[in-house]
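We call the chains A, B, C and D, going by the order they appear; numbering starts again at 1 in every chain.
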């Protein structure tokens, strides 16, 4: 079957959305952006196609007469196991790569076995990490593995007199190679089968649906790129659209009545006004200073040794308003420490930081022409409940109560817009082909 | 006893300082029928407004307390902070009680702010008050007189009393008194800095921007009396410094406290200059408008915003250092403040020629972190202290 | 063929005028000619030349340093000498150039000033700039304070203030510097020449009303304003230059040609925009190319009015020479208040049938930048046309982020196109 | 009059934003002081209070000393977290003294730490004559370099040597640390080699530092202190930068550069103690 895809190559994450030929969303994929844009796009697309196949499995199950409740249940379970298999595979690769680098170390005698043990320890944790209802710090292997590798390796290093700095450095080196591995159809089948073996409750219907879905041939009709890295995207120029247009159109597709869109990504914040057809009428972006964007939260999370997922929920616990003025991404850590040493509570500081970010966004919104209903919040930071809460409050206070759209899929808004442009392009190409 | 008294006075001043919604002005307006006219930093003809039955209200931005929600929509990140917080205050209704705003000729930012006011608040009086950079009484002086008359006329059209020479003379006398009191406290601080901590003095000055002048006189008198008899305030081993550069956007209170805690006695500064703008009393005999103009042309404090006709840039700072027996200079200017920052190299040159040590840092009115500044000021004070001791030991 | 030959003529002439001027300056040590440093806005070129003094414009030197890739070094040097990162980079660029031997744009050494004529028009920083130079050169300085048009009009009081200063301060200073007497008849002659060149300049700028526009009124415009905004107003050379320029543009209009860009003649005019704010000089061509690549022509710009708003009718007046100098100073673009600046932009949008407004905001210049965001919103509200906002700096390459600006420009033009397509498909539907 | 012995044991503690440094010094009334022991440990998000306490106890234990054997415990940096201190000195005061200890000829110090960089001009007694700090933006400090290298998969120790290998440094223009990160990502995708990237960053940092020094009016011997003094690539770039600026700056480093702040604090502590003793004031009284 033919599909079109939009890829949003962001500064932090690369997102892909796959549409079928009726412009319905088939699948979404996300990965962290990396030095090699091509690889980032391929990985994201691979993920999106994997997820598209989940959609296809769902369709197959439906055809087989499985009701919605059971479908959800089965697919969720299957998804978990699928991810676990992915994680295990990556962990194996990580072990190999680390081993290779470790053998070049001066104290390889100590480091090589140490690393083996670290990986074993991490492998042993895998089951629990992916158990039902487990709270994972991130979707990305880099973060997940990193958050375990470092503490485990630190412990072992201390015991065995290895230099932790070196052992930590090995990880930074190895992870680059590991996360660049792309997935393909064959890999999907392999992982899916492995997951089916593990998923205790896998039924015959599910097994068959998986097999059938895995066999469907997917063919790309058109691909449009957008995002920070779009100028260097591995696509031809005519298939590139500005992030602004894509976010506008994507938000419009998700929420047709939206008029104002705010996107907070890793390095930039955009305030966009769209009309009733998703056409952008005005926009503003933050200036060169990246203060107060998503990356800021990233630094904070690093600093507090938390996952990005956990930041918002913790801030939501705050009862007290701590005022923070500096949103400089780099000084964030120092400010945090200073506040902590002054005896302020973590959650209160965090709440202050979130508010500070949103205040900056409020300025951009005001610059772009204010906020009109419906208001849509997109980009990675929209996944953060504390940011959403602060935004809701400030919007309501300053522009009145209105409908606020936030979707768990909002990080894909730009990619969705791009995919819709791709869909239009594909239509045009087809139309041109027909008479010939 | 007096410690508590001082605390109460300072708390009162701080309350005025933190009163961003200008409640006291609202109350004043309810009682009197005059116009409340805001003015931006450095200098404005308060005597004139006062003489026409109005209340001049100094607006020094929003400081650390106001949250910028829309203000950044008006200003790029490379422009200082004061105009954005000022516009924020205007947009959130805090300045509703003002019948007009006077924007003195300070710099291009304030100048353009006057235009924003015109675009945004067309119904309110918005007056850019151009002061001469030519100090010839017949050229610049004549121009300034015309500007003052124009302002008086505009106030009158907005319902203020007509400007009468007698009334103006009385107002000039009132402000002469007030300036003398402030100057008195500055002199006292210069002699015995432990008696008048700068952060207290600063709050008193800020209060004077909003209070009617007579009320402010009273506050200053009470404070003066209280510190004179407070023997608990003892001298400490601190470095005496002149602080300069903060004539427009004001530093957060925390910054001033940080400097003092880091071991500096600030013995001269350029905070809230309007209260000390003329270093001699304005002449009372003769035409009061001409007298005001004359004082402006010849007796004003030097400021980076004024053209220096002679080639004496920086000498004034040297004079201030010597007069206050300071051991060093702190250049403490708002980020992106062209007047302050462009003046600095010239001032530095002058003091370096005299071997006066200095250090420099920048702030914004809402700076919340003083760690760096504390380090810097602390080191500065350390180096003065450690070695002045070394000499005596 | 003929057009390129013609194009060369005015450009060649300008080049030659500049070269001659700078070599005269360079030789002034031997010839004994005296020089006066002054600023573009509110420059009193006729008056300076009335005393046979040679004008030097540090702003032009600074921008030339930017174009020649020298500014990074100069600014760096000034910052090393204690100048803040935050302040106007023209000043720092000039200070750096002076400290590096005062070698001007043509590679020849500039003489030290015999007089600093501080025309304080439209910018506060000018005052600091010459205070700094005065400290270096220890030469006489004369201040001409031009009041701000805060209420959007020139009053008799302002005019009188300026004329008083001219008579009491400026002219005597020039007399002292040159050792010559002021010659009012000569001034009238000069002003006649000024007015003639001004007529032709205005004609050229207004030619952008044509579709396609034969000129780019921003990137090309900065060349056209060169002679009249700097050392040549009121000279015979300037008259000839503008006459030739006018003829060349006339020919392009007749042939229906668009402007010439760094990449050659523009093929198709896709977007017509008005630009507010000065250009970036360190990446001038790159910046221009970003517009040209999108098929965007700037049909009107405010920057080309910093040295006089001639298109609004002002001309130097031989019958009232000093008063007209006063009015000239008062009328420079950055001396206009924000409401007037908004009016000007709205006029331009209409007069030049522009698709939108782009504001290029530079970090250096508070005089231009403070308030531009409000202007932007106001123009959008009044004209309903799409507006865009770009940020960089005049001559500090550290603040020109090509990727960032390109991103914004692309997004902007895609937005304009999308809006236009939507509008045309609506009207097509309506027709059906 | 409280008599003090000829030899004093003093401890200096420097708590930075990334690293805690503790030194033990032996100071002599007549004769040069001596660095007895030094400990340096990255905070790595540990509680600085606890870490400092541990390091302090460790240094005492390793040298068979008790707390009572110490005349002065001086802190600097965020040293307020050491509750057991005798007194505190501000960062640049301490680095100035430390630099002088490491090299008697030092007339300027540039302390490059994780977040801030400060340049100090000193006289032969260690008196601070003038000082400068980098502005707001943190793009020129250790933390930033660390982030970049983490991204490139390079460990701290490798940074310097790698940078020295560069043949064609790639200029890094971004002023902001965050945007510089993206610049670097772009460089990698353009196939620029790691040494050239690092050297480019080193050059841009070095440019800022040299500017800081020259704007201070420094000349002569400059001691590089702080953690980044250990980065040979950066120091090399600074030397090149100094040469280019045609200023007579001679940059030096020392194996104990990173501990300069702690060393200086300890020595000032001893100085205070002796002076107070001479004036007949006991340390205890002076603290009141």
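In the analysis below, a contact is a pair of C-beta atoms (placed from the backbone, for glycine too) under 8 Å apart; a residue touches a chain by one contact, two chains touch by 3 or more.
From a predicted model like this one, the values you see are computed outputs, not experimental measurements.
> Once you count every C-beta pair in contact for both, which comes out on top, A-C or A-D?
Taking the two pairs in turn, the one with more contacts turns out to be A-D.
> Nearest whole angstrom, what separates the Cα centre of chain A from the Cα centre of chain C?
Chain A and chain C have C-alpha centres separated by 48 Å.
> Once you find the CA centre of chain B and the CA centre of chain D, what distance in Å lies between them?
39
> How many angstrom lie between the centres of chain B and chain C, each centre taken as the mean Cα position?
Chain centroid spacing, chain B to chain C, equals 36 Å.
> Would you please write down the residue numbers of chain C that are in contact with two or more other chains?
Where chain C meets two or more other chains at a single residue, that happens at 81-82, 373, 391, 399, 401.
> Two or more other chains in contact with one residue: find those residues in chain D.
Those would be 135-136, 175, 179.
> Scan chain B for residues touching two or more other chains and write them down.
73, 76, 335, 362
> Looking at which chains touch, is this a line, ring, star, complete or other?
If you draw each chain as a dot and join those that touch, every dot ends up joined to every other.
> In the complex formed with chain C, which residues of chain D make contact?
Residues 135, 173-175, 179, 207, 210-211, 214-215, 245.
> State the interface residues of chain D toward chain B in the complex, per the touch definition above.
Per the touch definition, chain D meets chain B at residues 89-93, 96, 116, 118, 120, 125, 127-133, 135-136, 268, 271, 275, 278-279.
> Going by the contact rule at the top, pick out the chain C residues touching chain B in the complex.
81-84, 86-88, 91, 118, 120, 123-125, 127-129, 131-132, 134-135, 138, 143, 145, 147-148, 150-151, 157-158, 160-161, 164-165, 168-169, 337-339, 341-342, 361, 363, 366-367, 369-374, 378, 391
> Using the touch rule from the top, collect the residues of chain A that touch chain B in their complex.
287, 289, 323-326, 331, 334-335, 338, 359-360, 362-367, 394, 398
> Residue numbers of chain A touching chain D in their complex, please.
11, 33-37, 165-166, 168-169, 172-176, 228, 232, 267, 288-290, 293, 295, 303-305, 328-331, 333-334, 337, 341
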